[in-house]
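The letters A, B, C and D name the chains in turn, as written, and every chain counts its residues from 1.
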Amino acid sequence: MDPRLHIIDKRLQDIKRIIAVSGGKGGTGKSSVASVLALALAKEGYRTGLLDLDFGGPSAHVILGVEGLFPEEDKGLIPPDASGIRFMSIIYFTGDNPAPLRGKEISNAIIELLAVTLWGELDFLIIDMPPGMADTALDVIRLIKRMEFILVTTPSKLATEVTKRELAILQELRLPVLGLIENMLTGQRAGTAAKVAGDRTAFLGSIDFDSTLEHAIGDVDKLLQTGFAKQLSLCHPFK
Amino acid sequence: MDPRLHIIDKRLQDIKRIIAVSGGKGGTGKSSVASVLALALAKEGYRTGLLDLDFGGPSAHVILGVEGLFPEEDKGLIPPDASGIRFMSIIYFTGDNPAPLRGKEISNAIIELLAVTLWGELDFLIIDMPPGMADTALDVIRLIKRMEFILVTTPSKLATEVTKRELAILQELRLPVLGLIENMLTGQRAGTAAKVAGDRTAFLGSIDFDSTLEHAIGDVDKLLQTGFAKQLSLCHPFK
Amino acid sequence: MHEWALAESVITAVVDEIRLNNIRKVTKVDVKVGELQQIDIEIFRFALENVMKAYELVLDSDAVRIEIEKNILRCEVCGKTWSFDDASCRPGEDEAEAIHFIPEIAHVYIRCPECSSPDFEIVKGRGVWIEAIEGEH
Amino acid sequence: MHEWALAESVITAVVDEIRLNNIRKVTKVDVKVGELQQIDIEIFRFALENVMKAYELVLDSDAVRIEIEKNILRCEVCGKTWSFDDASCRPGEDEAEAIHFIPEIAHVYIRCPECSSPDFEIVKGRGVWIEAIEGEH
């Protein structure tokens, strides 16, 4: 019997809402949306946590410019404060090294993290998800009962095709999908994401391709000044 | 004993070169590079196969506009011809449905595909890889001994950080990395990918962000006319 | 007839085993064929015999035993254990064919009869498997 | 002291089991502590006793048995089986600490001693595990 499965509910019990930023396709802006959303919520005074579960391509620490942090060990692991966010990531343990983990190991690492992390009281825990519907997605669905989803897609046919599949399975499982954000709009195929949302889920709005975003990576003040952050603040569901 | 593991070498024995298009980060253009590279090689007269191993976000069939094809069953599965490419993808079996597969199942499905697919004689088999260094990457490394890698990154810090990790592990394992392609250059951070390549691997060249690519998706003739295809033809290693 | 490809994998494995362990005479090859993949046993046996000839492998006709293995699926979410041939959750014909080619496609078309999850483990009875190869040295 | 969090998970599991099976008196809790995670057994036992008090769970002092489980790693590429405490491939102090928090981090710092692959299975001795809970009804 795996005892860790018995404590996860308790570890998450003082968190009001748990939001997975997902979408199926890689590179659509999930990590950017998750990180900047967490920053914005923290700035507005919400007690906010951010959990990067993309073990294969962790990015949230790069976006937030996190360096030299490590969780405090006291009856568990206390996520350190990164620009006002309680931030947890596998990079505390891997450093810059590659982490070649098979799905079974990803599952075990997720269970361990959920079992030992002491988030405390939070208004929001944002989870930055990897692409795909493999172990990580299946595990958060299985382990975190109150999970809500925000899907991020680009207008590209390649992204919307994958997003459609993810939306289909989440809805088949009757999981709450808060809606779809369209990211990196360049004028091309405007309106495609809204069509994917259709009657199936809420279309939360569009974020333009923002050439200033790259220069703001790693600098939270600059990040919050980008057009990306401003448009995100208009389309996220916690306004 | 898994008998399938004993036949894989034989199934691949008449293929001259096996190339995985990889890179760690999602959304950098791996599927676009893999598909257009396969098209271009086929057009030049090389006998070319394309295997989409991104079961979580299969895209090659969308790029190539594949519809209504299915492998022929004759002493194995014979990949159908898609615009001159012998094309194999999980979508023949899943259709448009989501495929929620854990890593262990992905492994098994890859082994099955490799054991029953009859590629015949090929000059090139191009493999479109998923992001990350999980089961799919570990399995192709384990199962396909003659694998060579092309890495695709964007200039973004988020992509290069992940690509560095993948390059590190491939080189630690002494696997042949043919080099790094930089994709979706917009003038920002030009030269970063070349720096990541450094002395570690060949920098194969850059491909600009090409706003005409999206309209060409699903139409192979248009695809081969894009700036993307033209620039790719200058930087791929099989010129 | 993609059964041929699977039969060929079995024979290759036997030939590899003969070489590796210097086997003079193979006395037993126990092959399990998982129900989930729905292999036609007659076709499979026919393919095995023909592939043997092609590989110049001579085996006593009763050395090769093929047994069908019941399939057991277990839900990762609710723990329910079941078998896909329970009439209540059988996939249709096209779906069964896709599963015939790649048994993991079960996750696309089959759901847990208790909680409807696609997140189950194929505990037993997946596809072709060699349980034992025995021989004289 | 993140051992406390793991001890708490064990006690929660015992309490859940008591409720689920209407156990009147727990007679045995067999806990395995995998070597790979390098839990300090004294700290862990101390944490278990204190968490028990906090959860108002009364157990005979000899009911809880903690056993260290040897770790076994097996390479997925070459099949080699080994143990991470083989002196030849022990990780350094920082690396061992990372593995202490998340045993899977072994794949970041440990390699197969035969073929240098990071692609191995943690067959046994990973971390905290409950082997058995027994009680009187």
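For this structure, a couple of remarks:
We adopt the following convention: contacts are C-beta pairs under 8 Å (C-beta built on N, C-alpha and C of every residue); 3 or more make two chains touch, one makes a residue touch a chain.
Every value quoted in this text rests on a predicted model; they were computed, and no experiment measured them.
Looking at A-D and A-C side by side, the one with more C-beta contacts is A-D. Of all the chains, the one whose CA centre sits at the greatest distance from that of subunit B is D.
Distance between subunit B and subunit C, defined via averaged C-alpha coordinates, is recorded as 29 Å. Remark: subunit A and subunit C have CA centroids separated by 40 Å (rounded to whole angstrom).
Annotation: 36 Å between the Cα-based centres of subunit C and subunit D. Counting partner chains per residue, subunit A shows two or more touched chains at residues 97-102, 106, 138, 169. Counting partner chains per residue, subunit D shows two or more touched chains at residues 118-119.
Residues 138, 141-142, 169, 172-173 of subunit B are the ones that touch subunit D when the two sit in their complex. Interface residues of subunit B, counted against subunit A in their complex, comprise 24-28, 31-32, 55-59, 62-63, 96-104, 106-107, 130-135, 137-138, 154-159, 161-162, 164-166, 168-169, 186, 188-189, 211, 214-215, 217-218. By the touch criterion given at the top, residues 1-2, 4-6, 8-10, 12-13, 16-17, 98, 101-105, 107-109, 118-119, 122, 126-131, 133 of subunit D touch subunit A in their complex.
On the subunit C side of its complex with subunit A, the touching residues are 76-77, 116-119. Those residues of subunit B that touch subunit C in the complex are listed here as 1-7, 10, 73-77, 90, 92-94, 97-102, 105-106, 108-109, 112-113, 115-116, 118.
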